[in-house]
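Below, chain A partners chain B and then partners chain C, in two separate complexes.
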Partner chain A sequence: MLEKQSNLKALFYLAPAMVLLSVFTFYPLFNAFFLAFLKDYEFLLRSARGFTILGNFKNVITDPDFGIAMKNTSIITFISVPISVIVALLISVALNSVKKLQGAFQTIFFLPYVTNAIAIGMAFAFIFHADYGLLNTILGWFGINPINWVGLNASWSNAMFALLVYTVWGGLAFKIMVFLSGLQSIDKQYYDAARVDATPRRRVLTRITIPLLSPMIFYITVTSFIGAFKAYRTIIGMFGETLRPPGTLSKDSLITIVGLVYDALAHADATGKMSEAAAASIILFSITMIFTLIQMQISKRRVHF
Partner chain B sequence: MENNTMNRTRIRTIIFKVFVYSFLVGFAIFVLIPFYWMVLTSFKSFEQVRTEVPPSLFIGFKDLRLIENYASAWTAAPYWEYMLRTVTVAAISTVGTIFTTIFAAFAFARLNFKGRDLLFLALISTMMIPGEMFVITNYITVSNLGWYTPLGQTQFEAMLALTMPFMTSVFYLFFLRQAFKQIPDELYLAAKVDGTSDWKYLWKIMVPIASPTIITIIILNAMGTWSAYIWPKLVAAEYPLVTNGLREAYQDFFGMVNYSQQMAAALIVTLPLLIVFLFLKKYIMRGVSRSGIKG
Partner chain C sequence: MEITLKEITKIFQAKDKSETVAVNKLDITIPSGKLIGLLGPSGCGKSTTLYMIAGLLTPNEGRIYFGDEDVTDMAPEDRGIGLVFQNYALYPHMTVRQNIMFPLENIKVPKQEALQRAQEMADLVGIGELMNRKPKQLSGGQQQRVAIARALVKKPRVLLLDEPLSNLDARLRLATREEIKRIQRETGITTIFVTHDQEEAMSISDEIVLMDLGVKQQVGEPQDVYDDPYNLFVAKFLGTPPINMIPGEIKNNQVFVKGAKIGGKVAKNQDVVVGIRPEGFNIDPKGSLELEVYMVETIGRDTTLIIKNFEDEEKSYRVIVDARHRIQPGDKVKFNIDEDKFYVFNQETGERL
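On to the complex of A and B.
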């Protein structure tokens, strides 16, 4: 129901956004690939010595930090996401089944979404404080001695545990909201039929609710994998710019792939570092692209049933 | 007999209800703990935090330090300056984003032009790309434009560096286009018959109808600026926004960290977000559920 083409008018309306997007979105996209293939790029001089196909990627991958970052990022992604998806699902099903206080609970569960990752990270670091923290106080009630979670010389696994708790906490809100809106859009007829047949609650959950919600569960899981793969701010919030507990060595760092990009960018004045940042960002892009493609493939088949 | 089974199902329902509510309360506590710990610590004195091991989980009325830590947190860093700058940056980038996305969304939703669908597809594809890929070149661009140099920058240059890359947004453009698309074509045709120009139709009809979506965009964009950390640190290190100020002013140097002051500062930064959320919940949730559906 549109009128005839109006190219000139469209150009007028599109121009402001398109000019900005060209400079700050489209050009950077191509330039990232260009930078990643420059040999010995000097940022201060804006000059390079020709091109290299894999040189910068090799520098990124052979850096010991890369292995550490891959390990950390994978652990954050593949542990925190399944936990928060399952917990969020249970919470939303529970929330959907109650009437009283539903709004109040919904508000509380949504709070983590609107807060500042850095400020809350600082609060979590203090909850995990060995002497003054809340967690060790509670563990003390059960006779457990104080554990050095995030303090001086804290072990990598302790620090990672604390980070995972924070990551799950931060990931719940969005998932609960999406699941809840999904649950509320399920046709009531299914539940009426189940009630007529006196189907037990657990069967209703596993045979009606979860199958009908499965496309959404799948969608949320994959997008959360992508989001978790970009973890960085949570780590700064808890551990500061060093990305690790004070006093520990870099092998115990909680650096992630995004951390690698910004680490290289922070040293952009050194030879080739800008290209390494670009190469690391392309590696990050490739990994998130794999998740996206998997999602597109599967949701094509599964979204309608 | 029948009475008996009815009683049993009723008891079962009650047990089930108790179970569901305890589960919800348990997780509600888990969600609220960081806020509680922040507030509690910010009301304790420096000495109390430092000497109590394990710390008390509640605070007596006579130990309450309602103002002390907030006052010292406020003066430990030039917070007024950070806040003023953050609000200015948020205002500029939000106004910019609103205008550019309204225009572009109008073109995509209402006008017919060559390559429209292809261009729109190209735009939404960029949403799949991690922001880090853009940041690298934008950092170079901003320094090429002279807004950020190793020798320093003026406040004005810092503002340009902080706002210009955020004067539009593909996601909000997409979001607003959806809202515009829901306005019936008949309205447009009726307006055309009455001789209303596109420009007038956009501002008199479409924008008012889509105003809830526009409010959502304003809120989400402003909250994004409030929590911005990485980009300001890269291009305006001397002109920090609130979140940068928070992390840097209270860094842990393994010395005597004043935790009550640190938590007071964290709360100062968190509180505006919570207040905005509690008052404008409806708009924020709309935006979030949309972004969940967008696919």
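On to the complex of A and C.
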């Protein structure tokens, strides 16, 4: 009796969230699945010529941009995530051990998080500017000639390098914040015990701090991978809507899978484009999910809870 | 190895510059190979003292010697100590074996030897079969033994234990304190055992150091301290049930309590506090001190009589008598007091007269 009542109550409290989620999450999700299997869908007329199982997926995969987008997305993901997790970890450990000005340093590292990604992208584009950029100025001190990072006809690899630096940096703030709060919740006695037992600093980090922080590291790694698979804003911020340095060919584009989805959406009025966008997003969703499942399997053995 | 603390003072400074004197000019000598109980109420500076001996805290003043060696400025890892923390501080992600081996890995003991020493140590403390468990899968008593094994495995010169039994239930506490005593005997290692439980300290220590408010109160063998307390605090702190503190006076070198003469004491006439141990009362029809029994607590071995204290309702007096006396609440009973079971204290300073 009591249980029934409290179930009703719970439902009542959950209702607003459920309604919002239904309208803005579940319905679009379901709709995307549906669209991906429609044949020759006309967005403007809302009509289709029956269903196709793989037609839209085939269109996506055979698009020359798809290969480029896959390559770019993979590179961004598998390079930026490990680097940013490791860098964030090292910075957090260092921050956690400084006594003075800790608050000030924390604020500095947290600033990017509260700053608009597009604005930061533009700032980075300027840092990487061939003639006036900060980076080339510094490289100049070491006698290195200016490098065309993101300017007219910049090479794909230079542009990608700049993008990776920006991606890593942009992701640091949140990671550092999570790691720091994790570090501060580790019982100080473990470190006292390690000191009494003459543990070298490096072993303290690898044998005590990192294992005790592993739930946070796992959480950050999984969410970062998911975020990196969805990379798009960073590229728009740095290169604008063309998603590539000016003057370059589309084979040198820095387009990602999400970029592909938006590209298709931009041409939604053309026959079947909407379905292609849906199919591309399902492909991305599948990759992300498979990858997350793999990580969860690994974590069962590696993460100490 | 003998440990000497010379005039150790530790002052903590809070953010608002207010100061806490946690340990105040502490002078102790801890004899080699003995088990010493560091005893006192919560917040009296026991842990602080222990951590200064360990090197995790640095005293503001004073020196610490291990034997003849001045270790005051030595890092904890160089002091050769084993430390068992109040809540054990076992690494939760390591197995029991890994926990015990951890100190050995740091000093680069070869793997095979480390495994063997860890096993020996685990067997000594009686957890040899639990080597593959994680700390979470152990009971409090087992965790505590792992912590002791981890502290002992590197063969420290000194073993320091910070209230190691405080997380255990009463039965386990009794068992493990005997265990600690046994391990200490078998290894012969100089051991300092911190506790706020006087019974625990008295039962396992070769000597106890009694502290209050960061100041040493008395040092000695448990029985000696119990029988011959220097001041009111020491007399009150030791013994269960606690000693009865009754206002009294000295007149013509005689001690009077509630108008009754209970014994002699050579001192000038004055008001005093008289402490009488619960076991110091003897029922005697010719006794001078007559008390009305308020309640009777029977535990079988002996009987506790509770006497209402009309000056302070909270602190009733307790008298332990032989269970053969069948006494009812409301009875008026006459006692005489054992000569060596009462102490006379200065009313102001609490010093023993």
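Rule of thumb we're sticking to: the second predicted complex is superposed on the first by the 275 of 305 C-alpha atoms of A that agree within 3 Å, B and C clash if a C-alpha of one lies under 4 Å from a C-alpha of the other, contacts with A are read in each partner's own complex, and residues count from 1 in each chain.
We take it that a contact is a pair of C-beta atoms (placed from the backbone, for glycine too) under 8 Å apart; a residue touches a chain by one contact, two chains touch by 3 or more.
Being a predicted model, the structure only gives us computed values, none of them experimental.
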Clash or fit (per the criteria above) of chain B with chain C on chain A: fit
Contacts of A:136 with chain B and chain C, given as first, second, both or neither: first
First, second, both or neither for A:211, with chain B first and chain C second: second
Where the C-alpha centre of chain A sits as vertex, the angle toward chain B and chain C in the overlay (nearest 10 degrees): 80
Which of chain B and chain C A:195 touches, first, second, both or neither: second
First (chain B), second (chain C), both or neither touched by A:203: second
Dominant toucher of chain A (residue count), chain B or chain C: B
Which of chain B and chain C A:187 touches, first, second, both or neither: second
Gap in Å between nearest CA atoms once chain C and chain B share a frame through chain A: 6
Shared chain A contacts, counted only where both chain B and chain C touch the same residue: none
List of chain B residues in touch with chain A within their complex: 16-17, 20-21, 23-24, 27-28, 30-35, 37-38, 41, 49-50, 52-55, 57, 99-101, 103-104, 106-107, 110-114, 116, 123, 126, 128-141, 150, 164-165, 167-168, 170, 173, 185, 188-189, 192, 198, 223, 226-227, 229-230, 234, 243, 246-247, 250-252, 254, 259, 262-263, 266-267, 269-270, 273-274, 276-278, 281, 284-285, 288-289, 292-293, 295
Contact footprint of chain C on chain A as seen in their complex: 187, 189-190, 192-193, 195-200, 203, 207-208, 211-212, 214, 304
Interface residues, chain A side, partner chain B - complex: 1-7, 9-11, 13-18, 20-21, 23-29, 31-32, 35, 43-44, 87, 90-91, 94-95, 97-98, 105, 107-120, 122-124, 126-127, 129, 131-134, 136-137, 140, 152, 169, 172, 174, 177-178, 181, 201, 219-220, 230, 232-233, 236-237, 240-241, 246-247, 258, 261-262, 265, 268-269, 274, 277-278, 281-282, 284-285, 288-289, 292, 299
Residues on chain C engaged by chain A in the complex (per definition of touch): 54-56, 75-78, 81-83, 85, 87, 89, 91-93, 102-103, 105-107, 150, 154
